[in-house]
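To start, the structure under review is shown below, and the notes come after it.
The chains carry the letters A, B, C and D, assigned in the order they are written, with residues numbered from 1 in each.
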Amino acid sequence: MQELKDTQSEADTRNISIDRVGVKGLRFPIQIQDKLNRIQSTVATVSLAVDLPEEFKGTHMSRFVEALHQHGPLLDVHTALSIPRELLGRLSASRSHVEMEFPFFRAKAAPVTGREGLMDYVVRFEMEAEAGDRLADFKLTVVVPVTTLCPCSKAMSSYGAHNQRGIVTYSVRFASRPVWIEDLIDLVESCASCSLFSVLKRPDEKWVTEKAYENPVFVEDLVRNVALKTQSHSAFSWYRVEAENFESIHNHQAYAVIERDLRS
Amino acid sequence: MQELKDTQSEADTRNISIDRVGVKGLRFPIQIQDKLNRIQSTVATVSLAVDLPEEFKGTHMSRFVEALHQHGPLLDVHTALSIPRELLGRLSASRSHVEMEFPFFRAKAAPVTGREGLMDYVVRFEMEAEAGDRLADFKLTVVVPVTTLCPCSKAMSSYGAHNQRGIVTYSVRFASRPVWIEDLIDLVESCASCSLFSVLKRPDEKWVTEKAYENPVFVEDLVRNVALKTQSHSAFSWYRVEAENFESIHNHQAYAVIERDLRS
Amino acid sequence: MQELKDTQSEADTRNISIDRVGVKGLRFPIQIQDKLNRIQSTVATVSLAVDLPEEFKGTHMSRFVEALHQHGPLLDVHTALSIPRELLGRLSASRSHVEMEFPFFRAKAAPVTGREGLMDYVVRFEMEAEAGDRLADFKLTVVVPVTTLCPCSKAMSSYGAHNQRGIVTYSVRFASRPVWIEDLIDLVESCASCSLFSVLKRPDEKWVTEKAYENPVFVEDLVRNVALKTQSHSAFSWYRVEAENFESIHNHQAYAVIERDLRS
Amino acid sequence: MQELKDTQSEADTRNISIDRVGVKGLRFPIQIQDKLNRIQSTVATVSLAVDLPEEFKGTHMSRFVEALHQHGPLLDVHTALSIPRELLGRLSASRSHVEMEFPFFRAKAAPVTGREGLMDYVVRFEMEAEAGDRLADFKLTVVVPVTTLCPCSKAMSSYGAHNQRGIVTYSVRFASRPVWIEDLIDLVESCASCSLFSVLKRPDEKWVTEKAYENPVFVEDLVRNVALKTQSHSAFSWYRVEAENFESIHNHQAYAVIERDLRS
């Protein structure tokens, strides 16, 4: 085979290092080990990147994809950091960044009839590693759809209250050991007017309607409820919670955000 | 200037004519003349296409963009068909197709306080023309967000009722003269539990909450209400109405569709 | 338990039947049996609907989700129609419609080095059934990303030729037995300037660059190539092929469509 | 009129202040004054937010929308900060945040024939203000589509080179006076293999094809070129540049990011 020029390895004279270079929008089937120790198959959208020192013209893009394939599909909150660590060696990098976002499912029983259905969530892993183990950052995000019922609308109206689907995007860093995805979802769902279900029979629908009416929350309440529960845990070193309400009375969203570093 | 090869005009021997060839995803600033005879500036996403007979290898893509630029930004429901007609000549085509989708705004006063705010909708023009005026099809679509409150949830529950934002996609063809975009939006909004507003003060919020509670509709009711009003008009020769509810109790949508040809 | 009102089953007096009513945007983990007889786990976005006669006020939305759960995750091109058939009975409907869209993966070896990587595609099943087996429609769609290199740019330029990623959306109905998803993908990929790969080492990149340069295609050529291959098969009773090029020299897309009924 | 309860103004006892609360996804027609002193009409997607001290239960969402309406549609890089400043007073806030994203158009002549066409870009304003003028942050982002041609593919291949549409997202903060949107776009376009055009006749297509072939850039080169030009200006105090290539040979993207604070 002829010798092919390795343009990427050429010297670069611009004296500008690159913070992050890699691939994005790669779809890859993965398996998540869940709290019940079961394996859940899903499909992730992945990005993989490393830093690039100023002296090199380019990185070797195919190695990112190879690293992902070699790691294989199995992933859990305890071992996820192995992927960015593999990148460090394979790309001769001093810092690496990996992001994986995927749908995550839980069997959830309807509140009165107990009928089971799968609820879907979005989960995101963001991981960074540095050579020499100087850094190992793991940020876990769950995107949890919920019901929110407006306290102001309830307080003013002779009957009824506007309510809607809201989306809570909840990200955490762990103080030490990771917390299960399922526990983060439970935490968020307990802070809304009511949680969502995929199957609801008539007695269940009555139950969720009344429960939401009894638990009105603004987006402000929702993020504060999540903040309080997070801060009362010792498991977290940082969190960010954003609630976004797809208002049933407007064509725009209401939103609120709290972010806190919990390291003293 | 050297003579450049015109690859598109070469003969094709595959004996397969092409139904539609052109450009898509082109953004273009337009001006819509509205019912109050005012000019509204907005931005359209445009596609332009013609048929291609089996004997030609390709069409001339730049001519589509030139035709759009030459037509200029002004558009209304009465003159829209001039764009596909211009394509016929410019591309030597026997059939042409143009689609334009854009945000459309209306000043709308809050129901009690009268505070004005702009409500945004999506409007789509789909137009077809044939050489020799054998065809001139104009399909007008309005996408109208509304409030829907669930009749079943209201009937069963001791208090409250789940409600949510729904999206109604309403398309019509006209029997003769076009109907104003604003009138189509009014028709749809009058069929929902309540319509949406961009500005609502507290007395307005009480009003929309109670109005929605007094007017519960399933997606089935919503499309039937729109269907009834459409059929009672003599203005339309065809319609399609789809309602999609972003259920506040589920993470999926409920939807319903009715489509009818009204030519006897 | 108290007797809860069944609002949906009430009589409706508007005399308007509904073409399609159901749920949309439901995410569900599925398993696809592929050509190699292996089971592939992925995640589908599902819609399920039935017609509704004019005499009923509403359908029972929870039954759609229950039908999907009861069917279970396993799906293949031969048995897919069982889902719409189950809906007919469960919803007492005369016509049902099911749509499932999901990422689909294939191991694909790089053309020179043979390195394997997973290529991702999008696959869509659209199925309709009618009571009494009067209808059983199955439309299979594969969305295949490819390389397209412009013949005109190549013919005119002293060196180089603009090329880009294109997306081919190819839908078929079968004359009798279904064709494997993999075979439809192969058919489309063979019609482009070159097919895509997830892993390419330097000798592979040289190969795909030169192959694309040797095989320039317009969007017009691409859809005609697919059309020719489809028509030379006896397996299909109908097809539609759309090619959309994300032009590297424009900020809009070029596109072309051919649709044909092949029943004589 | 009856006295309606003001739930938002009630006391909150959770002792958690909220970083940002407001509205999102609001569409609003705006007018941008451009470098040629012309007014360009377009449509923005807007978010408006303030901080909320721990002692208040909620903010007053309608005031955000009223503030936007009262400001009116006219916007330019010099006066944009007036919107967040208005929010401070109207919402009794100590900090406010406004984001506006909109399509932006420029007439651009084809390189050989001089034919004019409109090129579309995306522009984003992100603005923060603090009470007492302690802060006035303005971040301007332009999203510029370009052509990128791969240096490695060109170096290795006997003919041709893969190229594709890339997207450069370029954000800056100004050292003192703002720089025109048009100048930021020019800066980015000059760093790519070639810039894009909406209208290209055959001689123009030959020109852009050859120009791209003569100027191959990796995503790494593209962000470094933008970085160099930014750093050689005294106009900027901070920048971030991200390039994302929709690779014509892969179904994923290559990307690179550089971010620098330029205050010494």
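Criterion: contacts are C-beta pairs under 8 Å (C-beta built on N, C-alpha and C of every residue); 3 or more make two chains touch, one makes a residue touch a chain.
The chain lineup, named per UniProt: A, B, C, D = GTP cyclohydrolase FolE2.
Keep in mind it's a predicted model, so treat the numbers as computed, not measured.
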Graph separation of subunit B (GTP cyclohydrolase FolE2) and subunit C (GTP cyclohydrolase FolE2) (steps between touching chains): 1
Selected pair, out of A-D, B-D or C-D, that shares over half of its residue contact pairs with B-C: A-D
Most distant chain from subunit D (GTP cyclohydrolase FolE2), judged by the mean position of its C-alpha atoms: C
Chain centre separation in whole Å, for subunit B (GTP cyclohydrolase FolE2) relative to subunit A (GTP cyclohydrolase FolE2) (CA means): 35
Distance between chain centroids, defined by C-alpha means - subunit A (GTP cyclohydrolase FolE2), subunit C (GTP cyclohydrolase FolE2) (Å): 29
CA centroid of subunit A (GTP cyclohydrolase FolE2) to CA centroid of subunit D (GTP cyclohydrolase FolE2), Å: 25
Shared-contact residues (touching 2 or more other chains) in subunit A (GTP cyclohydrolase FolE2): 4, 6, 26-27, 65, 120, 152, 156, 198, 200, 202, 206, 250-252
Contacting residues of subunit D (GTP cyclohydrolase FolE2) [partner subunit A (GTP cyclohydrolase FolE2), same complex]: 4-8, 12, 14, 16-27, 47, 49, 52, 57-59, 61, 65, 151-152, 155-156, 218-221, 223-225, 227-228, 231, 244, 250-259
Sites on subunit A (GTP cyclohydrolase FolE2) touched by subunit B (GTP cyclohydrolase FolE2) in the complex: 119-120, 145, 147-150, 152-153, 156-165, 194, 196-198, 200, 202, 205-206, 208-210, 212-213, 246-252
Interface residues, subunit C (GTP cyclohydrolase FolE2) side, partner subunit A (GTP cyclohydrolase FolE2) - complex: 1, 4, 6, 26-29, 31, 40-43, 62, 65-66, 69, 103, 105, 115-118, 120, 198-203, 206
